[in-house]
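Shared between the two complexes below is chain A, which pairs with chain B and chain C, respectively.
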Partner chain A sequence: MAANYTIPALTEDPDLRETPELTPGAMGHLKPFVAAPAHQEALGFPGTLVDGWEEKAVARLGELLGKYRSLQVYLDACVKCGACTDKCHYFLGTGDPKNMPVARQDLLRSVYRRHFTPMGKMFPRLVGAKELDRAMLDDWYSYYHQCSQCRRCSVFCPYGIDTAEISMAARDIMDHIGLGQKYCNEIIGKVHKIGNNLGLPEPALADTLEGLEEDVKDDTGHDVRFPLDVEGADVLLVTPSADFFAEPHVDGLIGYAKVFHQAGVSWTLSSHASEAANFAMFIGSYEQMHIIANRIRQAAIDLKVKRIVFGECGHAWRVAYSFLNTLAGPWDFLDPKYPVPQHILEFTRDLIRNGGIRLDREANTGMTLTFHDSCNVARASRMGDFEGGQFVIPREVIKASVPKFVDMHPDTIHDKTFCCGGGGGLLTDDLIELRVKGAQPRVSALKQVVEREGVTHMAAICAICKSQFTKVLPSYGLDMEMVVSVHQLVSKAIRLGGND
Partner chain B sequence: MSYDVNGKTIDHDEEGYLTDLALWNEDLAAIIAEKEGVNMTPEHWEVVNFLREYYQEYQIAPAIRVLTKALTKRMGADKGSNKYLYELFPYGPAKQACKIAGLPKPTGCV
Partner chain C sequence: MSVLFALLYYTAAAVFAAGLAYKIHRYATVPAPLKIPTTPAPLTRTGVAFRLAREVGLFESLFRADKLLWALAVLFHLGLLLVALRHLRYVVEPLWFWIVWVQPFGVYGGLAMLAGLTGLLVRRFVIPRIRYITGPSDILMLLLLLGIGVSGFAMSAVARTDIVAVKQFFLGLMVADIRPLPADGFLLLHLFLVAVLAIVFPFSKLLHAPGVFFSPTRNQVDDARERRHVAAWARPLDQQR
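Showing the complex of A and B:
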């Protein structure tokens, strides 16, 4: 299928990046598929747009303002300084001014002003206050689904206004009036019904894991296990279901298994919590987040594990690192010697440092790696017990696994990392135009190190990032197979057996 | 939203996936493939048939690795790779091949 949109030109040198020419309404046509009544009702939302949605939406906004103090601060605090305008990858890739973070915020802010501020109630036109009419609702649906909630803009905002939280609130309001997004809501329903985003039932999961044991045995001669629902294991590994299904995700899963095997740590996956992702965050639903997170608690209790480790998943790590205790704690039944939760990269790095595993860089000869910091790990969490651990630890593990590592342009890594273009519930085919265009800033920085430094591969630690890059890199003339999991590199480099 | 097959209309969703999987047949698969711009060769049918067999047993499409392994067994090592699957189904073996095989779309971070 040929693309019926223009693929943006790459920026030759990110140092010289220019603000794109403004194209008002360039992306106004793009709307993701609307959730069907069955998807909506499974989550307790109205099936279709309700009568009187205008008032009901405003009432829901009022509830959210009472619940989340931050939301009101963000809606009040903006001084229109413009610092955020050229920081969003979707704006940079599309030139649509409504994809400037401030304009995206203003879609909700203008309605807030109309109904919740004295000036907006009396003199709406003087303060940019607007009614929530059908045209505004259409803009909400369109442009709040063109925000990947990556929070890059908030790094540059002098007030720290978090557009992600505003877009989550807008999606929550739309869900509550019966206008949900199919991709997210269908998936959350699958988690409730089957246990994971993919809809992978337990027998299929067991069969897949058995197949992986055979593959690793064939490859290495070692009996590396992929245990499922093993009561009394030390570690419960919670990982995105894409790790069971997709490439290069599964190569990362094989890496985790080899690390556990070589370290001699007993571990298990759970068929009940066979998904790390928590898409409820993307739709701003605390209630749904709570239900999804509690599956992990239940699995940990049922399997009597001592610790919980998360696999390579960006927003799952945000939910785990930042909210797990509030959502599903207390975790006093786990072994207090270990962090709750722990990231697989922390686990692997500790083993590398204390000699628990040995890596052989020569196994990855010919590879020059760069690393894509995933937004939710970089900007919404931490890793390890020191500041910046989320940047240092993945790079340390990569450097221990490959002969050469090069970072991309400093404006595009660490907390200034660009989103892959598919995060926040946008990794869906109906938004492919946005995904391709939104990848432009990241791919520009990647291409620069490919051309100048001979980078051959880019590692990522998020299932969404891996799938997104695999899909969109060919649009920019790069090979889909240059995207790798960090633990895929570990998997190649690890020396199995005879490790004393 | 429907396909016309031998005078019958068969419903599909916004993306072209069948709403009733039981209504699939080979003529329909050929029509879906044509819409996708995929020219069905014996290798394509091999993939489609395996997807359907696996789905019958597990109610889900096989993981890419499970699929490539099965194809290696059936057609040889040179055809059991993710790259080869993309040659057959340029929009992605999981999604495009599932659509043609009448299976639901794999969802999530894939």
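Showing the complex of A and C:
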């Protein structure tokens, strides 16, 4: 299928990244599919745009202002300095000025000023206060669904203003007046009904896992197990459902299983909580996020596990690391020796360090790796017990598994990492134009190390990143198979045996 | 005229204090229901205090974002700080030794402030991205501050003002005694603009000053796995499970 949009040119030298020309309205046409009434009502939202939505939206904004300090402070504090304006990958890839973080915020801020500030009530034009009318609502729907909530802007803002907080609030308001996004809301419904984003029921999951056991047996000769709903296991593994079959995700799952096997730690998946993702974060719904998070608590109680480990997933790790204790804790019934939850990379890295597993780099001969820091891991969570562990630990595991590792341009890694372009509930085909364009900054940096350093593969630790790159890399002339899971590398490198 | 300005200053002080107190109270009482520090973030309260200090004192994030903007912002804010310290001599009697010591720096501060403001203003017109996000109030705010700076300098450079009398006026205000204010054009303009600034402060983007201390992405400790962080409004949800 030929694209009916232009794929942006890659930046040759990211040191000299030029900001694109402003092209007002360039992306105004792009809107994700609207949620059907059934998707909306399953989450307790009105099915279609309600009567009097203008007032109801303002009322909901008022409620949120009293519930979220971030929203209240951020709507006031912006000085329009513009430090954030060239930091968003969607602006860099599209040139649409409404994709500059501050301009994106202003869509909500202008309504806030009109209804909640004395200046906006008295001198609306002077302070850019605006009514919420249909045109504004359309802009909200477009541009709050062109934010992947990656928080890159918040790194650079002198007040830490996080546009993700604003876009979450805007999506919550739109849900409450009956204008939800199909992709997110349909998926959240599936999690409630079936237990995971992909709608994979228990028998199918059991089948898949059995198939994996056979594959690994054929491949390695070892009886590596993929247990499901095993009561009394030590570890409950919660992983994104893409890990159950999509490439390259599933190779990562095989890696986790081999690590558990070799370490001799008993573990299990849960069919009740067969999904690490929590898309409720994307729509800014605390209530939905709470329900989804507590599936994991229930599974941990039912299966009588001692610890919880999360598989490779970006936003899921944010919800797990930063919110799970708040949403679903306290975890006093688990083994206090381990943090709750743990990341699979923390788990594997500890084993590498204390000799619990042994890795053989030669198994990955010919590979030169680079690493994509996923935004939610890099800027919204941590690994390990030191600041910045989320940057060090994945690299340590990769370096232990492959012969050569090269980092991308320093302005595009660690907390300055560029989003893959598909995060925040935008990983849907109806937004493919945005996804391709938004990947431009990351792909530019990738291409640079491919050409100059001979990088052959890029590892990622997020289901969304992996799916997104697999889909968009071909648009830029790169091979989709160069995207790998970190535990796929571990899976190849790990030496099995000696404890069967 | 003295009575008018006395009233203006009492009003300005009242609006400034009440408006700011209201806003700060609001920022402090609206809960932050989730841990959202922009990571890597400090693991301890002390670490957070240092992070905020670097943000407020050195504009750390801005430095990473945009060096030119950072330089202009530092010029302006540091200049403003020196000017403000210099102006303490109008309200403190007897003078503390360091106020005397800081006087000459206050003048450089004033120049730095004007240079910074001019740069910030030019930026708003010549960089298309910045022009796009600039509204009338953003320009007016810069003009207001420039007006204050220029009228201030004019008092010493163009038409000298009897600053001893000015000081008496302000010391008088503090004891509810309205003393005569020299009727100089520049002085009155200067004082008027400062009063306007104080009045709009709690209703404008100047709220970035208190706001930065309440920004959850900057003021939270990274300890989410160790400590629960449940907001009062979220507690009933825990009972439902």
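Following the convention adopted for this analysis, the second predicted complex is superposed on the first by the 498 of 500 C-alpha atoms of A that agree within 3 Å, B and C clash if a C-alpha of one lies under 4 Å from a C-alpha of the other, contacts with A are read in each partner's own complex, and residues count from 1 in each chain.
What we mean here is this: contacts are C-beta pairs under 8 Å (C-beta built on N, C-alpha and C of every residue); 3 or more make two chains touch, one makes a residue touch a chain.
What you are looking at is a predicted structure, and each value in this text was computed from that prediction instead of being measured.
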item	value
Fit or clash between chain C and chain B when superposed on chain A	fit
Which of chain B and chain C A:286 touches, first, second, both or neither	second
Contacts of A:204 with chain B and chain C, given as first, second, both or neither	first
Apex chain A: angle to the C-alpha centres of chain B and chain C, given in degrees as a multiple of 10	150
Chain B versus chain C as contact partner of A:220, first or second or both or neither	neither
First (chain B), second (chain C), both or neither touched by A:368	neither
Greater chain A contact set [chain C / chain B]	C
First (chain B), second (chain C), both or neither touched by A:187	first
Partner chain in contact with A:463 - chain B first, chain C second, else both or neither	first
Touching partner for A:247 - first (chain B), second (chain C), both, neither	first
Chain B and chain C, minimum CA distance [Å, superposed model]	23
Chain A positions touched by chain B in one structure and by chain C in the second	none
In the complex, chain A residues that touch chain B	1, 33, 182-183, 186-187, 190, 196-201, 203-204, 207-208, 211-212, 215, 240-242, 244-247, 249-250, 275, 277, 313, 427, 429-430, 463-464, 466-467, 471, 480-481
Contact footprint of chain A on chain C as seen in their complex	23, 26-27, 30-36, 38-43, 55, 59, 61-62, 64-66, 69, 73, 123, 127-130, 132-138, 140, 200, 203-205, 207-208, 211-212, 214-218, 222, 224-231, 233-234, 237, 241
Touch list for chain A against partner chain C, complex	19, 21-22, 65-70, 72-74, 76-87, 97, 100, 102-103, 106, 117-119, 125-128, 151, 154-162, 165, 286-287, 290, 294, 297, 321-323, 325-326, 328-330, 339-341, 378-382, 386-388, 390-391, 415-416
In the complex with chain A, residue positions of chain B that touch it	14-15, 36-37, 58-60, 62-66, 69, 82-83, 86, 90-92, 94-95, 104, 106-110
